[in-house]
Amino acid sequence: MPEIPKLVSSMGKAELDRIFVRGHDLNEELLGKISFAQMVYLMLVGRMPTAEEGRMIDTMLIVLVDHGMTTGALAARMTYHSAPEALQGAVAAAILGAGSVHLGSSEYCAKMLNDSLAQDSKETDLDAIAKNTVEKRLANNQLIPGIGHGIHTQGDPRAEKLFQVAQETKVYGRYCDLLRKIGKIAEERVGRRLPVNVTGAIAAISMDMGLPWQMSKSFAILGRALGGIAHVGEEVRRPIARGISDLVRKNLQYEPEK
Amino acid sequence: MPEIPKLVSSMGKAELDRIFVRGHDLNEELLGKISFAQMVYLMLVGRMPTAEEGRMIDTMLIVLVDHGMTTGALAARMTYHSAPEALQGAVAAAILGAGSVHLGSSEYCAKMLNDSLAQDSKETDLDAIAKNTVEKRLANNQLIPGIGHGIHTQGDPRAEKLFQVAQETKVYGRYCDLLRKIGKIAEERVGRRLPVNVTGAIAAISMDMGLPWQMSKSFAILGRALGGIAHVGEEVRRPIARGISDLVRKNLQYEPEK
Amino acid sequence: MPEIPKLVSSMGKAELDRIFVRGHDLNEELLGKISFAQMVYLMLVGRMPTAEEGRMIDTMLIVLVDHGMTTGALAARMTYHSAPEALQGAVAAAILGAGSVHLGSSEYCAKMLNDSLAQDSKETDLDAIAKNTVEKRLANNQLIPGIGHGIHTQGDPRAEKLFQVAQETKVYGRYCDLLRKIGKIAEERVGRRLPVNVTGAIAAISMDMGLPWQMSKSFAILGRALGGIAHVGEEVRRPIARGISDLVRKNLQYEPEK
Amino acid sequence: MPEIPKLVSSMGKAELDRIFVRGHDLNEELLGKISFAQMVYLMLVGRMPTAEEGRMIDTMLIVLVDHGMTTGALAARMTYHSAPEALQGAVAAAILGAGSVHLGSSEYCAKMLNDSLAQDSKETDLDAIAKNTVEKRLANNQLIPGIGHGIHTQGDPRAEKLFQVAQETKVYGRYCDLLRKIGKIAEERVGRRLPVNVTGAIAAISMDMGLPWQMSKSFAILGRALGGIAHVGEEVRRPIARGISDLVRKNLQYEPEK
C-alpha cells in the first residue's frame, strides 16, 4: 500500500456555526448576495466574478436547457414514471446523455483549442495556429469539433448570440477568435459553410474565461439537469410518459434477427 | 394496446430557425437577458419571474452546493477518477445521493405542508393546521420533516437566511409561517428545540412560490450538480481521488462475517 | 469530528498475487468453477450456495430481463444514442427506473413480510400473521405490495413459475407460504382475485433464502441491467433510437399551459 | 420532420398471457431451464449458447465483481448512505465508474482487435496483423490497450485463467491468439513484459464469441453492478459509510488555491 499523500481541498468546509465555500462565509457573503451563475464561476475558477462575467455564465447555462423532447427529456420522463420517489434518478438519466453525439462536442472543441494554444502560451499569431490546427486535423482524418451544424448550415443563431454576449461582457478573447478562424479556414479547405456552432461557442468562451478544457461540458450538464427537472415537473401536472411508452410499443414491430 | 392519448407539452420546441422555450424565443427573449435562476422559475412555473423571485431562486440554488467533502462529492470524485471521459457520469453520481437521509427531506416536508394545506385551499387558521399536523404525526409515530438539526440544535443559520431573503423578496407566505408554527408546536410537545432547518425552509419557500411539492428537491439537486462539477474541477487541478481511495483501503480491515 | 470507528469489510481483498472475494481465492476457487448466480448468492449471503440454490437465483435474475420496450429500455437507448462512448451511462439509465411503480414493489413486499415475521422469529402460526398483516394494512389504508396485477388478473404465470422452481430447489419456505396466505385473505376481504405477482414472488423467495429485505430489488436491477445492455446491443446492429425520438416529436403537440 | 423509419426490435414482447424474449417463451422455455449466463449470451448474440459457452460467460461475469474497496464500491456506499430508499441509484453510481481508466480498456482493446481483423474477415496471417497493429500504434504514439498491468507485471493471473477456461470451453479463437501475439511483439519492441491483462482477455474472448466490440464492457458492468449491490448489502448489516466519510474529512486539509 503506497504512502497516502496529503489530501487538500479548497472547496467547502463546515465549522460548527459557519460554512465556508471557496473561502467565503456562505451565510454572510454568498446567500442573498450573489447569483447562481456567479456561484458557478466562483466554484470553478476560485474568485468572485464580475457582474458581467456572471451574465456570460447565465447565458451559457440557459442556452441548452431545452429545445423540445430531447433524448435526455425522454430518459428523464421514463425514469420518473417508474420511480417517482427518486427525482434525482430522473435528473441523472437526463444528463447521462450529455455525450459525444449531443452536447459533448464542447469538451472535444475545448481540448482542441487547448492543444493548439495552451492557456499559458504567449503565442499571438492566431492565423497560423488556426491554419496549423485545421491542416493537422484534416491530415489525420479527424473531425473538427465545434464548427458546422446539421440543420443550421448557414450559422447557428445561438452561437452568434453567445459571441455577442461575450463581446458585451468583455469575456470575448483569443479562443473565440481562434475558433472562428478555424471555422473560416476549414470552410475554404472543405468547400462548404462551417460556422461555429453552439457547443463550439461554449467551448471557446469557457476557455477565454480561464476554465480548464475538461470543464466546458459543465454548462450543458447543468442546463440539461434543469431541462430534465422541468420535463418531470410537466409530468407531474400533465403526465404523458405512459402515452409515449404506448406510442412507441404500438409502432414497434417484433422481428427476430436473422 | 390502449388508445394513445394526445401527447402535449409546453416545454421547448425547435423550428428551423428558432427555438421556443416555454413560449419565449430563446435567442430573442432569453439569452443574455435573463438569469439562470429566472430560467429555473420560468421552466418550473411557466411565467417569467420578477427580479426578486429570481433572487430567491438564486439563494435556494446556492445554499446546498457544498459544505466540504460530502458523500456526493466523494462519489463524483471516485467516478471521475475511473471515467474521466464522461463528466456527466460523475455529476450523476453526485446527485444520486440526494435522497431521504440527506437533502431529500425538502420533498417530504413539502408534501407534509401540501397535505396539511393544499395550494388551492382557502383555510386561514394556520395555528389550528399546525397543531393538527403535529398531533397527527406524533400519534402515528411519524417524523416531522423540515425541523430540527443534528448539529445546529439552536437553529440552522442557513434556514434563517433563507427566510430573511424570502421576506426581502416578498416571497415569504403562509407555508413559511405554517412550517415555523409546526416547529414551535413540536418543540412544546417534544420538549427540545426544533427550529426549521435548511431543507425545511426550501420546502416552505418553494411551496409559497407555487411549485408542486414534488419539485422542492430540485434546488438541492441543481446545487449538488454544481458541487459535483466543482469537486471534479479540483480533481483536474489537484487530484486526490487516488489518495482518498488508498486512505480508505489502508484503514479497512478485512474480516469474514460470522 | 467524531472518532473514526473501526472500518471492517468482508467483501473483496487484493494481495499482490491473489484476490480474495468473500474469503475465496478468486482464481483458484471461483473462476471457471461457479456460476454468476452462485456468485450473486456468495456475495449477498456469504456462503457458497448449493447448485439448487444457484438455479433459484438464476431464475430470479432472468425473469425480469425484458418484456418489450420497457421504460428502462427506452431510457437506455436514448442515452446510448447520445453518448455511445459511455455504455455504463446507458445501463445506469436503464436501472434508474427500478422504483416504486415498476419493479420496486419487491422491496416493499419484502419489508412487509419482514415486519410481519422477522427472519429470526420463531412464530409459526402463519394464518394468524397473514390475517393480522392484511387487517392492519387495510385499517391504515395501505396498499398490500406483491399481490394483484393490472393485466394478469387471474394470476401472474411468472410468479407461479418462480414458486414452482422454489419448490423444486427446496428454497420454498414460510415466507412464500405467508405471502400466498396474505393474498388469499386479501382476496376474501377485498372481493377480487389478488394472486401473488412476480415481484411478490421474488420478495418471498429472497426472504426464504435469508436475504435482508433491503436486497430483494437486486434481482430486478441485475436483470434490467442486462436488459439495458441487450437493447443497446440491438441499437448497435439495428439502430432505432433516432426513429423513436422522431416518432415521439412528430406526435407531440406544443401547447402553452394555461 | 423526417419520415419515421420502420421501428423493429427482436428483444422482448409481451402478449396477454405470454412473454417472449428473443423468440423464446419466457415461462415455458427459459425460467428454471437456463442460467443467467446463458441468458446474457441469448440476449446479446440471439441464439441459445451451449453449456460450455455459458460457463465462459459465467467466468467473465465473475472475474471483475470485486477486489476490495474499489472506487465503484465507495461510490455505491456513499450513495446508499444518503438515499437508502433507492438501491438502483447506488448501483448506478457503482457502474458509472466503468470508464477509460478502470475496466473500460476492454472496449478499446476489442475495438483495436476489430480494426485489425474484422469479424467477417478471412485474413489468416495473425503474425502479420499483430505486427502491423503494434507498429501503427507505436508510430501514432497510441497506447496498446489490453496488455500490461501496473501491479501484475509478470502476468495477470486472471487473464491466464480466462484464457484457460476459453480453451476448455472451445471458445478460444483467433482473437485470443491475435491479442497474445500483439502482447509478445509489443514486449520485443518496448523492452518490457507486456502480458495480456484481464480486460484484454475479456475483449479477445468476447470477440471470439461473436459479440460486437461495443459490447465487451458489458461483463465488467454487470459484474460491478453485483459488486455494488454486495457492498450495499454489507452496508445494511455492518454500516461503514459514515465512518469512511468521517475518515476522509478528518484527513482532508482545507487550503485555498493560490
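We just call them A, B, C and D in the order they show up, numbering each chain from 1.
Simple rule for what comes next: contacts are C-beta pairs under 8 Å (C-beta built on N, C-alpha and C of every residue); 3 or more make two chains touch, one makes a residue touch a chain.
Here the structure is a predicted model, which is why all the values come from computation and not from measurement.
Note: Cα superposition of chain A onto chain C, rotation of 180 degrees, nearest 5.
The two sequence copies chain B and chain C touch through a face in which the numbers common to both exceed half of the numbers used overall.
Mean C-alpha position of chain A lies 36 Å from that of chain C. Chain centres here are Cα averages; for chain A and chain D they lie 29 Å apart.
Averaged Cα coordinates give chain A a centre that lies 22 Å from the centre of chain B. Under the contact definition stated at the top, the residues of chain A that touch 2 or more other chains are 4, 6-10, 13, 68-69, 83-86, 88-89, 92, 96-99, 237-238, 244, 247-249, 251-252, 254, 257. Chain A contributes residues 1-2, 4-14, 16-19, 21, 26-27, 30-32, 34-37, 39-40, 43-44, 55, 57-59, 61-63, 65-70, 73, 84, 86-89, 91-92, 95-99, 107, 151-152, 157-158, 161-162, 164-165, 168, 211-212, 214-215, 217-218, 221-222, 225-227, 229-234, 236-238, 240, 243-244, 246-247, 249-250 to its touches with chain B in the complex.
Of all residues in chain C, only 4, 6-10, 13, 20, 22-23, 46, 83, 85-86, 88-89, 92, 248, 251-257 touch chain B in the complex they form. Residues of chain B that touch chain D in their complex: 68-69, 71-72, 74-75, 78-79, 81-86, 89-90, 92-93, 96-104, 237-238, 241, 244-245, 247-249, 251-252, 254, 257.
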